[in-house]
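Everything below concerns the one structure shown next.
A, B, C and D are the chain letters, set down in written order, and residue numbers restart from 1 in every chain.
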Amino acid sequence: MIKVLFFASLRERLGVDKIEFIVDTPLSVMDLRLAIIKQHPAWESELTKKNLLIAVNKEQSHIESLIHTGDEVAFFPPVTGG
Amino acid sequence: MIKVLFFASLRERLGVDKIEFIVDTPLSVMDLRLAIIKQHPAWESELTKKNLLIAVNKEQSHIESLIHTGDEVAFFPPVTGG
Amino acid sequence: MNLSLSIQADDFNLQDEYQRLLESDNLSGAIVTFVGRVRDLSVDKKIAGLFLEYYPGMTEKALDNILQEAAKRFRINAARIIHRVGQLNGLDQIVFVGVTSVHREDAFAAAEFIMDYLKNQAPFWKKEITESGDSWVETKDKDKKLFERWGEK
Amino acid sequence: MNLSLSIQADDFNLQDEYQRLLESDNLSGAIVTFVGRVRDLSVDKKIAGLFLEYYPGMTEKALDNILQEAAKRFRINAARIIHRVGQLNGLDQIVFVGVTSVHREDAFAAAEFIMDYLKNQAPFWKKEITESGDSWVETKDKDKKLFERWGEK
């Protein structure tokens, strides 16, 4: 099982902050995203936005990063702190 | 009359913080220095040190700056504030 | 090396943070602080306030990474980051960075480096709360440029 | 533009100076402060303290010139310099620079510029007081280099 988190504007647009996703691992973030979109076709435009950032286990990651069972993956828009 | 001030290590080495000097004006700081040395030969090595700084009327100046009666001239070593 | 960070809803006091930085530091002759404030929202009557969201766990990690990276790049003795989250009003303090060093050029560079990285790398998101609904603040390209000047290392 | 300076024997409080800088400033979201401290003299048992001499009238002019020049070069809203004179002990605060701006890069640059110029252009002289007599502190070449990076304008 993979925990998938959404933050900020993305969280609001999807209307959910967290989903739990059962999928064969290991797989890349890109494959995970494809699997999520398959299950939630309405999310496609949000989850394929170019400027979306990715974290795996709370470390900034890439669309090619490998994910294993038990990992926490997060998608979020560009940061605007300070 | 020209007021001449000395600061910090220079003041201590000369043993005086201020002299008043009567001299024909206008003249350059270099000429003033020559006149001072003529009157105080023991000060020559101190007053001709390469790193000595010069102010005329409380503004940083140069050895070529022109001085007029009533001006205040200061000689001092490199600054070490902050 | 005294590196610390806090993500908090509460306000902070510059003097307290300054003293904390120097608490056990007899080496540093140079102390640089940066405080960021929310801009004056009263000029834009529609905005009632800000809301800061973060990613618990990851945001702390990101701030700690920034501090570690600053400590690697610059000769510093202590550094601290405070970032506020939750509801904020116009002119509220939102971020603090403090750095101590023997060398003033390192204190300045490290503080600026931390701010540039924080603006680009730390998961915080700002939302403007208005009568007609909320709107998320977009990233500024300017911050990206300021970030990129530090290069990879 | 709120530019101010003080040459004083008394100590200063960072929080007070920070609040004074922001007193009538609703524009600035970026506030950078620098505090310089006397180094820890207790490690060198011979040094009992420092004495700071200045040139009344000229030193104020020099600090004001530095502030005016900073205001010309950078987009800032307020800047303040405090420099202490007279007898100082180890770890005493000796100099404060504070700058406010809309832009954090200008606040950082102006504060650093002011310090580099101050170290090179402001008539202050530091003397170390020791049991075997006093000795004047020599200029550091490093400060000259930091100063020169700003170039003429």
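Here is the rule we use: contacts are C-beta pairs under 8 Å (C-beta built on N, C-alpha and C of every residue); 3 or more make two chains touch, one makes a residue touch a chain.
Keep in mind that what you see is a predicted model, and the values were worked out from it rather than measured.
**Q** Where the centre means the average of the CA atoms, what chain is farthest from chain C?
**A** The most distant chain relative to chain C turns out to be B.
**Q** Report the inter-chain centroid distance for chain A and chain C in whole angstrom, where each centroid is the mean of the CA atoms.
**A** Averaging C-alpha atoms per chain gives centres 26 Å apart.
**Q** What's the distance between the Cα centroids of chain A and chain D, rounded to whole Å?
**A** About 49 Å separates the centre of chain A from that of chain D.
**Q** Between chain A and chain B, what's the gap in Å when you average each chain's C-alpha atoms?
**A** 73
**Q** Identify all positions of chain D at which a residue touches two or more other chains, and write them in rising order.
**A** As it turns out, chain D has residues touching two or more other chains at 36, 115.
**Q** Among the residues of chain A, which ones contact at least 2 other chains?
**A** Within chain A, no residue touches at least two other chains.
**Q** Who touches whom among the chains?
**A** Those chain pairs which touch are A-C, B-D, C-D.
**Q** Under the stated contact criterion, what part of chain D meets chain B in this complex?
**A** 36, 52-55, 57-58, 61-62, 83, 94-95, 115, 118-127, 136-139
**Q** Quick one: which bits of chain D touch chain C in the complex? Just the residue numbers, please.
**A** Of all residues in chain D, those touching chain C are 13-15, 18, 26-40, 42, 91, 104-105, 107-108, 111-112, 115, 146.
**Q** If you look only at chain B, which of its residues touch chain D in the complex?
**A** Touching chain D from chain B are residues 5, 7-9, 12, 51, 55, 58-60, 74, 76-82.
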